[in-house]
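In C-alpha cells below, several structures.
The same chain A turns up in both complexes below, where it pairs with chain B and then with chain C.
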Partner chain A sequence: MLRPMDLIAALEGVVGSDRVRAHPLDRRVFAKDAGVKDGPVAAVVFPESAEETAGCVRVARAAGVPVVPRGAGTGLAGGAVPIEPSVMVVMTRMNRIVEVDEQSRTAWVGPGVINLDLSRDLASTGLHFAPDPSSQQSCTIGGNVGTNAGGPHCLAEGTTVAHILAVEMVTADGDIVIVGGDHPDPVGLDLRAVVVGSEGTMGVTTRVLVKLTENPPAVRTLLIGFATVEDAAATVSEVIASGLVPAALEMMDRAMVRAVENYVHAGYPTDAAAVLLAEVAGHAVGVDAEADMIARIAADNDATMVRLAQNDAERALLWKGRKSAFGAIAQSAPDYYLHDTVVPRTRLVEVLSQIYEIGERYGIALLNVFHAGDGNLHPLVSFDAAVPGELDRVMAAATEMVRVSIEAGGSLSGEHGIGMEKRDLMGLVFGPDDLDAQARLREAFDPDGVLNPGKILPEGSRCFDRAPTIGAAP
Partner chain B sequence: MLRPGADHRGGSVTTLDAATRRLLERLRPESVPPEVGDVPVVAPRRVEEAAEVLAFAGDRGLVVGFVGGGTQLDLGGRIEPDVWVSTAALNRIVDHQVEDLTLVVQAGVPVADVEALLADHAQSAILPETPGAATVGGVVAAGVSGYRRLRYGPTRDRVLEVVLATGYGKVVRAGGRVVKNVTGYDLSRLAVGSMGALGLIGEVCLKLWPIPRGAATVAVDDPEGALAETYRPLAVLETEDGSAVYLTGTPEQVAAQTEELGGVGEPGHRWPDPIDSPMRFSVRVTPRHLAGAVRMIRAAFPEAPLRAQHGVGEVTFGVEACDLERVVAVRHWAEGHGGAMVILAASAGSLPGMDPWGAPPAAHGLQVRVKEAFDPHRICNPGKLPGGL
Partner chain C sequence: MTWVTPWAPDRSELDSCVTCGLCLPFCPTFRLTGDETASPRGRITAMAAVGAGEAEMDERFFEMMAFCLQCRACEAVCPSMVPYGKLQEGVRAEILAADPKPARIARRMVLGRGLASRPAVHVASLGIAAAQRLGATRLLPGAVGRMASGMRTVPLPVPSTLGRSWRPDGEPVGIVGLLSGCVMDPWFADVHEALVQILRTAGYVVEAPGAQVCCGALAAHDGAAYDAARMAAANVEAFARYDTVVVDSAGCGAHLKDYGHWTEGGDDLAARVRDATEFVAHLIDEGALPTFPPGRGRVAVQDPCHLRHAQRIVAEPRTVLAAAGYEPVEIDEQALCCGAAGVYGLSYPETSDELGRRKADQVMAVDVSIVASANPGCELQMRGHLGPDIRVAHPVELYWEALSGS
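Here is the complex of A and B:
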C-alpha cells in the first residue's frame, strides 16, 4: 500500500511528471462526467501508449487504488465517476488514427480519437464510422466502446458493438491483450462482444479496430409535424411495420421543439405537439420512393406539416436542431437529467403518456427527444440542483419512469449504460441468478476489483462471498 | 458409451448406474443424429430441465455434449460425452412480435421453419440461407452466419436475448427483448459462437429485418470490382461456377443497380448449394486478402468447390481426399496473412497433428477464466474450443 505521494511519484515514473495531475482543481475537474454525480479522485494520469497505460494500471494495482478509465467524460450514467479514491486514466492523448485499410473498410484508432473527427478525417475515402451519439463532437471512440454507444443512425446500422472488430486493452493484471480480430469470426469465445459496453470494468481500451461504413450515395431528410404525440408515435410504428428501415427516425415533443427552435432556428414548427425527423439513405433510385412512403404514412396519421430538406445545408440545419437539444435546454434551467430507457416500439404511445403523467405528478419540467425508431426514450428533466431536495425529486421521478418502461417489456438503458446511476435498478430487470452470472463474468476479467469497481452490478450480485475490492483493503 | 476409468477429455471416470441409464433411455428423443451413436441422449422440454441435467452432470463429473440438428458436430475439438443433451424437445416458437420485428424462439427450432414463418410476413432473421437440418440454437452456438452478413452483419448482431442453462446448473437470462439495450454485460453476444462452452443455449430473442420487395442475382466477371462499385449489396459470392452479386431493395433500385453492373439479373436470390465434400475448411482473412485466399486455394486444390464471400473475408472449400501437406500450406498462408483456417469437417484421424482451429486466440488466459466462470466442472463440450477449452 503506497502513501498518496508515493502513488503520484510512481505514476510519474511511468509517464513523466507533466502527465500526472493531482492538484485539487484537477481532481475536481475529473471527478465527474456529464451526469449529475461526482466522486473522489486520487490522481489523474494521461498515458500516450498501451505500455504506459499498462504501467499505470500496475502502479495503481500495487498501490491498492482502483483504476477508472475515462475518455472525454460525456457519459451520463456515472460510468467514469469514481466511487472510491481512484486513479483516473484519461485516454484523450491517444488520439491518433493509426491505420486505415480502405479496401477492408477498417481502421485502427486510438481510444482518444473523437467520434466525429474520425468520420471527418475519412471523408475523402467515402467511408464513415456509423455510431453517432449526440455528443459525437466531443465523445471519444474509447468511450463509445465503453458504453456501446448508440445514436440516431443506429436504427439502421446497429450500436457500437456492431462496428468494433477488435479491442486492444490493458487487463486488470496490467497485461496488454487483443480481443477480436481483423478477419471474420476469430476463433474462441467472442470476448470482444462483452468488452464492448463493459464500461471500463474489463480492461482499459488502448486501441480499437473499427469497421467503417460506406457513405450513402443519396440521403433524404424529412421534418414532419403532428397535432398529437399519438399521431407521431403511430407513424413511427407504421413506418417500421411497413418494411422500411429508415436511416434514422427521431421524435421531439412540443417542449423540446420550442427549446430547440429558440436556440438554433432550424425552422421546426413550434405549434406542433410532436415532430419527427426521418431520414432515408441509400441508392439514389430508392430514397425518393422511401421518402414518399414515409410522407404518405405521416399524412394518413394526420401530419400537420411535412418538409423535405432541399439541400445539404437544410439537412444539416435540421440535424443541428436535433443534436443541439441538450444545449438548448440550458435556457430553461441550469441542470438537466437525461433518462435512457427502451420499450418495444409498439408500446411507445402508452409509455410516453405514463411518463408525462409521472412528470406532472412530481411537478417537474419534462422534455422529450428520442430515438423513436428504436423505442429508445430520452425523457429529459431540466431543474436547478441548487434548490434543496430538487435532485432527489428528479431522481424519484426517474425511477418511476424506468419502472413503467420495464413493465412495458423494456429495458433499463438503451445506450447510456448502467454506470453508477442505474446500478441499483438492475434487480428490476434481472433475477439473482442472472446477476450472479454477470458477476462471474466480471470476476473472470478482474477478480480483485481493480477496474472501475462498484459500477454496473449492484452490491451482492455474486451469490457467494467474494473478496473485497482492493480499494477497500485496509 | 461409458467406459469406466476411460480417459475422457473432461476427466470423467464415472459410469452411469442402471436406473439412471433406464431413465435416460426413456428421455431419448425420437430422432437423433447418427453421430451420437448409442451414448444416452436427453431432450429437456424446458431450459430449467436442461439446467437440472447439467447440475446432475456437474455433481458426478459427467461430460455433456450438446446437439441440435447435428450439422456442426464436426466443428472444433472432438468430444466423447457421457451423455448428450439434445434440443429436439425445445421446439417452440415462443413469441413473434411482427410490428416490433423481434422473435423469441427455443433452441431446437429448425432454421428453415423460422425463416419460412418469417417469410410469410416479409421478414427474416438473416440466418444461413441453406441451413439443412440446422437449428436456431445450433447456429447461434456455433456462431454460423449466412451469406447476407455483408449487408446485415453476422448472426451475433441479431441475438438480443439468450436464456442459458449454465455449466453450474442455473438458468440465466441476459439481454432483453428490445432492439437496443446496454443493460448489464452482454452475455447474449458472448454466447454466439461459444460452442456450448458456457452451457446450453435454450432460448433466444432475435432481431428481425424486413425483406424488401426487389431481389436479383447478377452474374459478374470481376467480384472485387463489383463490390467496390455497388452500394451495399446483400452478398458478393464467388464459387467454382462463377461470381454473382446479390441485390435487394425496391424493385426500381434493384433494376437500376443491375443495369449499373452491366449484367443480366435473374429475379430472386439463387444461393449456392452447400458444399457436401467429406472434408471442409473455412479460410478467414481480412477482406483485402480475400482474392488472394481464393487464388491460393485454387492453386492448392484446383478441383475444390468453394464459396468465397467478397467483402466479408471468408472462403469455405471442400476436399474429397486428404492431402495433409496442401491443407497445411493453406493454413500457413491464412495465418501468415493474419487470418485463420478452421477445419469445418474431417473424418477422424485424417489430418494428424492439425488443430481444428489453428493458432489459439491471443487472450488465452481470459478465455480460460471465462470458460471456468460458466463451466467450473468442465463438463460442457470440454475441448471443443481452441486451446482445449
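Here is the complex of A and C:
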C-alpha cells in the first residue's frame, strides 16, 4: 500500500504533475456534485486518454485507494461523490468527438463531451443525440452512460441505454475493454445494459459509441395551464390512452412555475395550479393534428390556457424554463433535495396528493416538476442545510415520498441513478436474493471494490458479506 | 471570521448557488481546462469554504480567484441568479487586504489611483502616442505587445471631452450626460465623436461634466475596492443632474449599472445609465433616428461580455448595425469571452491569447472585413489578433458613417 505522497507521485508519473491535484482546496471543490452530500477526496486526476485512465486505475488499485469517475458533476444522486478517500478521475478533458459516421448514424465520442455540444456539433448533419437530461447543457456523455440518464424526450426515445452501441472502459484491473460493438444486436451476452447505468462501478468509461437520431422535420410545443393538478394529470392519462406518443409531456406545479417564470420570463402562467409542457415531433401534417388533439383533450379537462409556441425562439424559451427548474429554486432556499421516483401514470394524482400531504406534515417547502408522460416524479424540497437537523428532516420526508411511490407500484429511480442517496432504499424494491444477485454481478467486474465502492447497492447486499479488501483512509 | 473588508462575499449570496452546474459550459476557463476549480461553481465553493474558515486563504485560493476573467457569462445563465460578479469583486478586495504583496499594490496604484488621475492618464497617453510614432510599441513582448498593437493611434494633442458640451442644430429635445471614461477619452476619441454627433442629430444636448472620474470598473475588478467606491461616489455627484447618462464602453456601463453596491445613491444613477447601443437603438426604434437601406455589407458582431452577459444587451448593437445598412453576422452562439477582460492579459497571457485566437478564428470563419465591438478592451484584443486587414469599430461609429453620408 502506498502512502498519500507516494500516491500523488505515482499519479503524476502517469499524467504529469500539472494534471494531478491534492491541495486541500482542490480536494474540497471536487468533493461534491450537484446533490446535497460531499465526501473525502484523496487526489484529483485529469487523464486525457484511455491509457492514462488505465494507468490511474492501476496506481489507485496498488495504493489501495478507490477510484471515483467524474464528469461535469451535475449528478443529483451522489454517484460521483466518494464515500471513502478516493482518487477522483475527472473525464472532462477527454472531450473529443472522435469520429462521426453519418451513414450509419453513429459517433465515437469521448466521455467528457458535453451532451448538448454533441448535438450542436452535429447540427449540419441533421442528427442529434436523443437523451436530453435537464442538465444537458453541462452534463457529459460519460455521466449519461453512468446514470443511464433520461430527460423529457425519453418518453418517446427511451433513456440513454437505448442510444449506446458500445462502451470502451477501463476495468478494475486497469485493462481497456470494449463492451458491445457496431451492431445493434451483438453476438453473445449483451453486457451494454449492465454497464450503462452502473455508475462507474464496473468500469471507467473512456469512449462511447452513440447512436444518433434524425432531427424531426417538424415540432410543435404546447404550454397548457390548469386550475387543478387533477385536471393536468387527467389530461396526461388521456393523451397517453389516446395512443398518441408525444415527444415530451412535462408537468410543473404552481410553486415550481413561479420560481421558473421569475428567472426565464417565458410567459408561464403563474396563477395556474399546474402547467403541462407537451411536445409532438414528426412530419408537419402529423404534428399539427397531434397538437390539436392534445389541445382538445386539455380543453375537455378544463384547461385554463393553451398556447402553441409560434416559433423556435419561443419553444426554446419554454424549454429553458423547464430545464432550469432545479437551479431556479435557490430563489427560495440555498439547498435543494430532489427525488426521482416513478409511479404508474394512472395513480399520479393519488401519489401527488400523498406527497403534498407529507410535505405539509414535515413543514417543508415542496415544489414539483416531473416527466408526467412516463410518471417520473421529481418532488423537490428547498431548504437550508445550515440549519441543524434540517437535512435529516428533509431526508426523512423524502424517504416517505419514495415509499408512497413504491407502494403505489412505482420505482425508486427514473433517470438520476441510485448513487449514494438512494442506495439504502434499494431494500424497498429488492429482496435479499435480488440484491445478492446484483452484488455478485458487480463482483464479477470488480471483485475488490476498487471502482466507486459503496454506490448503488446497500451494505450487506451480498448474502455472505465479504470483508473489504480496499484499505481504510490513507 | 476570515473576511475583513465591507466588500466581502456575502454568505447569503454565496448560499444562493445551489451547485446545479448549469453555468459550467459558459465559463471560458472551465471550457479551456475542464477543471471544476476553474468554474464559477468551484470558485463559489472555494469562497464559501474560505469564508467559513474551513479552508486556508492561501496562494492556491488566490490563484483560483485570479484565473477568473470576470466575464459574468455564468451570471446570465444562472437560474438562481447568483450575483457572481459582485462576489468576485468582493473576494478580490479581500485578497488585496489579506496579501498586500508589492505586485498587488502596484496594480492597485495604477488601476485605483492612476486611472482616476487625469494628469496621470494624460502623461501615459503622451508616452503611448510618442511610442506609436516611433514604432516602439512593436517592441513590447507577449500579450501586452498584442494589446498595444491593437490600439488606435492616439491623436496629438491628446483629446479630451471633459467639461465640454454640444448642442443640436435645432431646438433641443433633451439633455444627456456622457461618461468620458479614463482611456476612452484619449484613446477612442472617434467613438465619443460619433456618439456625440448621433445624439446631436437626434436633438440632444450632450454634456461631459468636468467633475466626473474614471468609472472604477478596473479598480473594482482588481480588488481596489476603496478606490472604486470613491470613484463611484464622485460620479454619482457629477452626473446627478442628468436623466440619462450614455456610456460607449460596455465595461464602464456595466459597472455604472452596478453602482448600487458601491456607493450611496448608486442605485439612482445606475437606473439612469444607458449603453450607447442601447440608447441609439431606442432612438432608431422610436423613429428619432433614420434607418438606411441594406447594402453596406456584412459585419461580424463581437458581443462584449459586459454588454451581453452583465447588461443583457444583445439585440441593440444588431439593431444599430442593421439601421446603418449592414448585415450583422453572428460569430459565437455562446458569446465566450475574447480574453481581453480588462488587464487579464497581464496575469494570464497564455489564456488571454488562446481565447483571443479562438475569437479571431470565429471572425475569420465568417469572412467579413469589419467587426463591430462595443467595448475598448475587446477592440484592442480583436485588432491585436486579427491584424490590420480587418477593421474593428464601435457600432455607433459605423452608424455615424451612414448618418453623415461618409
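Convention: the second predicted complex is superposed on the first by the 467 of 474 C-alpha atoms of A that agree within 3 Å, B and C clash if a C-alpha of one lies under 4 Å from a C-alpha of the other, contacts with A are read in each partner's own complex, and residues count from 1 in each chain.
Following the convention adopted for this analysis, a contact is a pair of C-beta atoms (placed from the backbone, for glycine too) under 8 Å apart; a residue touches a chain by one contact, two chains touch by 3 or more.
The model shown is predicted, which means the values in this text are computed figures rather than measured ones.
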Touching partner for A:244 - first (chain B), second (chain C), both, neither: first
Which superposed partner A:117 touches (first chain B, second chain C, both, neither): second
First, second, both or neither for A:61, with chain B first and chain C second: neither
First, second, both or neither for A:128, with chain B first and chain C second: neither
Chain B versus chain C as contact partner of A:90, first or second or both or neither: second
First (chain B), second (chain C), both or neither touched by A:26: second
Which superposed partner A:456 touches (first chain B, second chain C, both, neither): first
More chain A residues in contact [chain B versus chain C]: B
Touch list for chain A against partner chain B, complex: 101, 103-106, 147-148, 150, 154, 158-159, 161-162, 171, 175, 177-179, 181-191, 193-194, 196-198, 214, 216-217, 237, 240-245, 282-286, 289-290, 342-346, 371, 374-376, 409-418, 422, 426, 429-431, 433-438, 440-445, 456-457
List of chain C residues in touch with chain A within their complex: 12, 15-25, 33-37, 41-42, 45-46, 49, 54-56, 58, 60-61, 64, 78-82, 333
Complex contact set, residues of chain B against chain A: 97-102, 122, 143, 145, 149, 153-154, 156-157, 164, 166, 170-174, 176-187, 189-190, 192-194, 197, 209-213, 231-232, 249-250, 252-253, 255-257, 284-288, 311-314, 338-340, 342, 357-358, 360-367, 369-374, 385-387, 389
Complex interface listing, chain A residues touching chain C: 21, 23-26, 28-30, 32-34, 46, 72-74, 90, 92-93, 95, 112, 114, 116-117, 120, 135, 137-139, 260, 263-264, 324-331, 334-336, 384, 386
